[in-house]
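Structures are listed in the sections that come next.
Next, two complexes with chain A in common: one pairs it with chain B, the other with chain C.
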Partner chain A sequence: MRLLTRESKIPAGRTLWADSWRRLKRNKPAVVGLVFVLLVLFVGIFADFLAPASPTDQDLRARFARPGSPSKITRNGTYILGADQFGRDILSRIIYGARVSLTLAIVVEVITRIIGITVGSVAGYYGGWIDMAISRVLEVLMAFPDLLFYIGIRFALGSSLPVLILAFSAFGWAGTSRFVRGLVMQLKESEYVEAARAQGFSDARIIVRHILPNCLGPLIVSITLSIPGTIMGEAGLAFLGLGIQPPAPSWGNMIYDSRAYLRVAPFFGIWPGVALIVTVLAFNLFGDGLRDALDPRLKR
Partner chain B sequence: MMIPVLIGVTLVTFILMNVVPGDPVIEMLGKRTDPETIAMVRKELGLDAPLHIQYLRFVAGALRGDLGMSYKLRQPVTALIMRTFPTTAKLALSAAAVAIAIGLTVGIISAVKQYSFLDHATMVATLTAISAPVFWVAMIAQLVFGYYLRWFPISGYYSPWHMVLPAIVLGTRFSASIARLTRTTMLDVIRQDYVRTARAKGLAEKIVIYSHALRNAMIPIVTIIGMQISGLLTGSFFTETVFAIPGLGSLAVKAMQQRDFPLMQGTVLFGAVVLCVGILIVDISYAYLDPRIRLE
Partner chain C sequence: MSVALKEVGVVEASPNLVEVEGLVKWFPVRAGVFRRVVGWIKAVDDVSFTIRRGETLGLVGESGCGKTTTARAILRLIEPTRGRVLFDGIDLMKLDSRQLARMRPQMQVIFQDPYGSLNPRHTVMEIVGEALAYHGIVKRGKALEERVAELLDMVGLSPQHMRRYPHEFSGGQRQRIGIARALATSPKLIVCDEPVSALDVSIQSQILNLLEDLQARFGVTYLFIAHGLHVVKHISNRVGVMYLGKLIEVADSEEIYAEPLHPYTQALISAIPIPDPRRKRQRLILQGDVPSPLNPPPGCRFWTRCPVMTDACKETQPVLKDVGRGHQVACLRYS
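Right, the complex of A and B next:
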C-alpha cells in the first residue's frame, strides 16, 4: 500500500531547448565549433588584457620580424607571430581584429534581424497585396549585386565601422524577411493560432507571442550561419582596400596590407587568414550542429 | 522579375553616384580648370540637366547599349565592358566546370561511402574550403604554386595556361558547396523505392547510381549551382584582382579607385544583367532535367 501512495516519479519536463542541447552535445564537430566560437568571443571581449601589445604600436626597426623574434613593444618581449610592415605585433592586431569583426557581424545581425523579422512577419501574416508588394521589393533586393552596392556606399559615405554596418544591413534584411515570411505563412494556419484568434487577441499579440516563438529555432540557426558571411564580407571589402581604414586592425585589412610583402614575409599574410578561416569554420560547424540538434528530422 | 531588378539596380547606382562627394567634371579636368570650361564640359556631358532627366537619359542610353563615356579612360563604357567581359566569362565558366566536376565526383563518392573515413575527411575539407575567403586562397596559391614551385605563371593573362591556377582556385571553393549538397540529396535519393527497385532487378550499381539516383538528385544541385552564379561573379572579381587578369572585375576595381562614375555605373548594371541571365538559364535547365516542370 505504501508503495502505491508514494508519489510516482514523473520525468521532469523536457523542453525543446533541453532536448536540443542534449543532441548538440553528442555532435563532436559542433561542440568543437562552439568552443572556438566562445574562444573568439572571449578573445574579442578581453582583447585589452590578452593582447601582448597595442595594435597600433610601431617599431620600425623590427619590420617583418620573424615569429618568435625579440620585441621591444610587446609585454612578453617577443613577436609571437612576427611583426608587420611597421613592426607592429601581428598577434595583437589579430586579437583586436577579432573584436572589430565580431562587433560588425553582431551589430549587423541585430539590425537586419529586427527589420527582417518585422517586415517578414507582416508580409506572411497579412498576405494579399501587402505580401505581393513586399515580396517584389525583397526579390529586387535579393537579386541586387551587393558587393557593388558596398563599393558604391563606401564611396558615397566614406569608410568607418558605422558605414560598413549600414552597407551590410541595407540588403541583409531581405533574406531574413523572406525566410520569416515563409515560416509565418505556414504557422498562421495552425490550430493554436486559430485558437488565439478565436480568443480575440490582436494581430500584433498573435504574431509576437504565438507565431514568432515558434520561428526561433530556425532563426537562431540562420543567425549562426550568417555571422561568418558578414565576417568574410568585411574581409572581402578590406581586400579591395574598402574596409575599415588603417591603422585600425581588421583581419581583412591585414591580409590586404600583407599582399605587397608576401614574398618577404609570408607569415604576415598567413596568420590573419588562418584566424579568419578558423573563426568562420567554427561558426559553420556550430551552426550545422545546431540545425541538426533543433530539428532532428533534417539530420542527414 | 528581371525588369524590376534592373530598374532597382539603375536607380540605386544612379543615386549612389550622385551622392558621392566630389564633382565628376572637376575630377576629370583637374582642380585648376577655369569655370567656363567646367560649365561647358558639364553641359556637354548633360550634367547640367535636372537629376530625373539625367536618369532617364541614362536608362534610354543603356537600352540602346550606350552606357556613356568613361571619364578617365576616355572610351565608351560599353566598348570597355565588351573587351573585358570575355576574359571574366572564361574564368567564371572554367571555374564552374572545375567546381561541377570536383563537386559531383566528391559528393557522389561521399554519399555512396557514407560514414567512411573518406566521407568524414571530405566533409571536413569541404567545410574548410567554404570557410576560406577566395582572395586569401588565391594569394597563398599564387605564392606556393606560382612563386615557390613555379608550376604556374604568377599573374597576368597572356595564354590559356595563365587561366589554369585562377580557375582551379575559384572552382575549388565552389566545388565544396556543390559536393556537400550532392552528398545530401544523393543520400536522400538512394533510399527511395525506385532505387531499391532498380537494384532488385539486378542493375549494375554504376547504372543505379548514375542513371537512376543522380538524375533525380540533379534538381536541387542545379538550384545551388544557380545560386552560386552571383558568388562566382564576385569570386572572379577577387581572383582577377589577385592574379592581375584584365577582366570585368579588374575594370570595376579600377573604375572604383579612379572614381570613374560612368564606368562604375556601367559595370554594375552589366553585372546585374549577367546575373539575371544566368538565373534565367538555370530556370530553363530545370525543365530539361525534370520534364514535369513546365516553363510558364
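Right, the complex of A and C next:
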C-alpha cells in the first residue's frame, strides 16, 4: 500500500510521440518543410496584419505595375511584388489567397476525416454484413466522377467557399474510410485488442481507446499529404474558372487571371505559382518526414 | 451482477471451476466471388474436460491442434460453434454480451507475445489499471495508483515503472506487465496461452516460478497452454493432450509422464530433451505430417501416423475413457 509514498515522484516514460519527434528533428528536409508549413499557416492566420493592402483595393492607373513600383493603395507605398490587371497588390492577394487555400484544405480535412474515421472504424471493427454494406457504398462514392458532381452543385448552389468545401468533402471521406477500415481490421486481430476484449471493455471503448490511437500515426501522415492535394485541386478548378470566384483571391484564380497577360506581365502569374509550389512541396516534405519518423520500420 | 446471473442459474459450488462439455469450433472456409462456404476447419471438435479449483491444467499439443482455439472458445473470445462451458456454475454460452462483460474480470488471459499483447500507446498504469477503473473495482486516482503499484510489486516490477510505455521494457518485463494486468481484477481463472514460448530460456523459468508463487498466494486456477510437455511438466497438476482438434489423453501430471497410454503422448514424451548426452534414449519419431483439420481422417484422428494402428482405427472414433485413477485416454486399445 505504501509503495508509492516513499518516492512520490514517478518518472514519466518516453512516449512514442516524443521518440518520433526526435527522429523528425534529425530529418533536415522535413524540418524545412515544417518551417514553411508553419510560415504559411502564420501568414494565413494573420493576413489582416501582414498584408500591405486589402486584396480587393484597385488602382486602375497602376495596372501591371512592376515589383517595387510606388503604390497609392498599400500601407508602405510600394507594390512589393507588383500589381495585377486591376492594379491590386499581388503580395496582399497571395497572403489572403493562403488563407483561402488553407481554410478550404483544413476544413475539408476535418470534415472528411471525422466522417471517414467513424464509418471506416465501424466497418473494420464489426466486419460481416455491416462491412459489406459500407464497402459497397464506398465503392459507389469512389467511382463517382466528383468533378461532374461539383459542376452540378455549382450551378445549383452557386460558387463560394462553403460550396467548394462541400464539393471536396462529399466524396473525400470515402478514401479515409477505406484507409481506416484496413487499419482497424488489422489492429482488431492484435493481441492487445484481444486482451481488451478479455477484460470486458465495450466495443466503443476498444475502438476509441485501443484501436484508433494506434491508427493516428498513419492518419496524420495521410492528412499532411492530402492537404496539398486539396490545395492543388482548388487551383485546378480555379484554372477551369470553377474555383473561388473573383474578386476574392485564391492562388488558383490568380494564376487563371494571369494567363491572358503572361507576355505583358509575367511576374503576375509567377508569384502565385511560386507560392503554390512552395506550399505543396513543404507539405510533402513534412509529410514524408513524418511518415519516416512515426514508423521507423518503413525506412528501408 | 447477482440479479442477472440468477436467471442463468447458479449451481452449488462444485470442486470444478470450469466444466467444458462437447466444445466444438469450426471455422468456415470461404472461396470465390460470393464468399461461399466451401468447407470447415474443424479446429476444436467435441472436447470435454474439467478444471478443478486452484489447480493448473496443462493443455499441450503441436501447433494447429486447437489448444489456443479451445482456450479462446472457453472464454468466448471467439464464439464456439457448439458446446457448453460452465464457469463457477454459470453457463457462459447463455450470457448476453453485457452479462459476459461483467464476468470477464473473473477470467483473465496471459498472452503468448509479450510484444503484441500490450498496447504501445498506453502506459503501464493504464494497461494494468484500466479494467479496475472500468469495472468500478477501484476508484480512479490515488487508490488506483496504489493498487497498480501493489500489483507491479507482486510481479517483480518497480512501481516506479508505472508511467513508462511498453517499448521501454524487455520481453520478460513485458510479460510481467501482462501478468499484472491479468491479476489486477483478482480473477478465479487465468488462461496462460503459451506465456513463456516467446521468452529466452533463462527468463522462462523466472516467469514460471512467478506464476506458481502467485497461485500459492491467491489460489488462482490456471489453464496452461504449451506446445511441449516439458514446459507444463513442473507447473501442472494435470495435463491434457490434444491432437487435431481432439482431446486424446488427460491424466495427473506424474502419471502421464510415468505411464503415457496414448501412442501420441508417448511420442511427445520421448521428444522431451534430456540434459544428459551420455544417456541413451529411445526416440519415438512419428512418420508423416498432421493431416489437415479441413479434412480430418475418419475413425481415430491419429491413425495415419500411429505406430500401433489397426484396421478398426480407420473406422471407429475412440472416445475418452477413464482407465482408473482419473486417467482418461481416447484410444481403441483401452476401450
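The definition used in the following text is that the second predicted complex is superposed on the first by the 287 of 300 C-alpha atoms of A that agree within 3 Å, B and C clash if a C-alpha of one lies under 4 Å from a C-alpha of the other, contacts with A are read in each partner's own complex, and residues count from 1 in each chain.
The rule is simple: contacts are C-beta pairs under 8 Å (C-beta built on N, C-alpha and C of every residue); 3 or more make two chains touch, one makes a residue touch a chain.
Being a predicted model, the structure only gives us computed values, none of them experimental.
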item: Partner chain(s) touched by A:94 [first = chain B, second = chain C, both, neither]; value: neither
item: Contacts of A:138 with chain B and chain C, given as first, second, both or neither; value: neither
item: First (chain B), second (chain C), both or neither touched by A:51; value: neither
item: Touching partner for A:199 - first (chain B), second (chain C), both, neither; value: second
item: More chain A residues in contact - chain B or chain C; value: B
item: Chain B versus chain C as contact partner of A:281, first or second or both or neither; value: first
item: Contacts of A:259 with chain B and chain C, given as first, second, both or neither; value: first
item: Parts of chain A lying in touch with chain B, wherever the complex brings them together; value: 29, 136, 139-141, 143-145, 147-149, 151-153, 155-156, 228, 232, 235-236, 239-242, 255, 259, 262-263, 266, 269-270, 273, 276-277, 280-281, 284-285, 288, 300
item: Chain B - residues contacting chain A, complex; value: 1, 4-5, 8-9, 12-13, 16-17, 19-21, 124, 127-128, 130-133, 135-136, 139-140, 143, 147, 183-184, 187, 230, 233-234, 237-238, 241-242, 252-253, 256-257, 259, 264, 267-268, 271-272, 275-276, 279
item: Residue numbers on chain A that touch chain C, as the complex places them; value: 1, 3-4, 7, 10-16, 190-192, 194-202, 205, 209-210, 213-214
item: Interface residues, chain C side, partner chain A - complex; value: 75, 77, 100-105, 107-109, 111-113, 116-124, 130-131, 134-135, 145-146, 149-150, 153, 159-160, 162-165, 167-168, 178, 181, 185
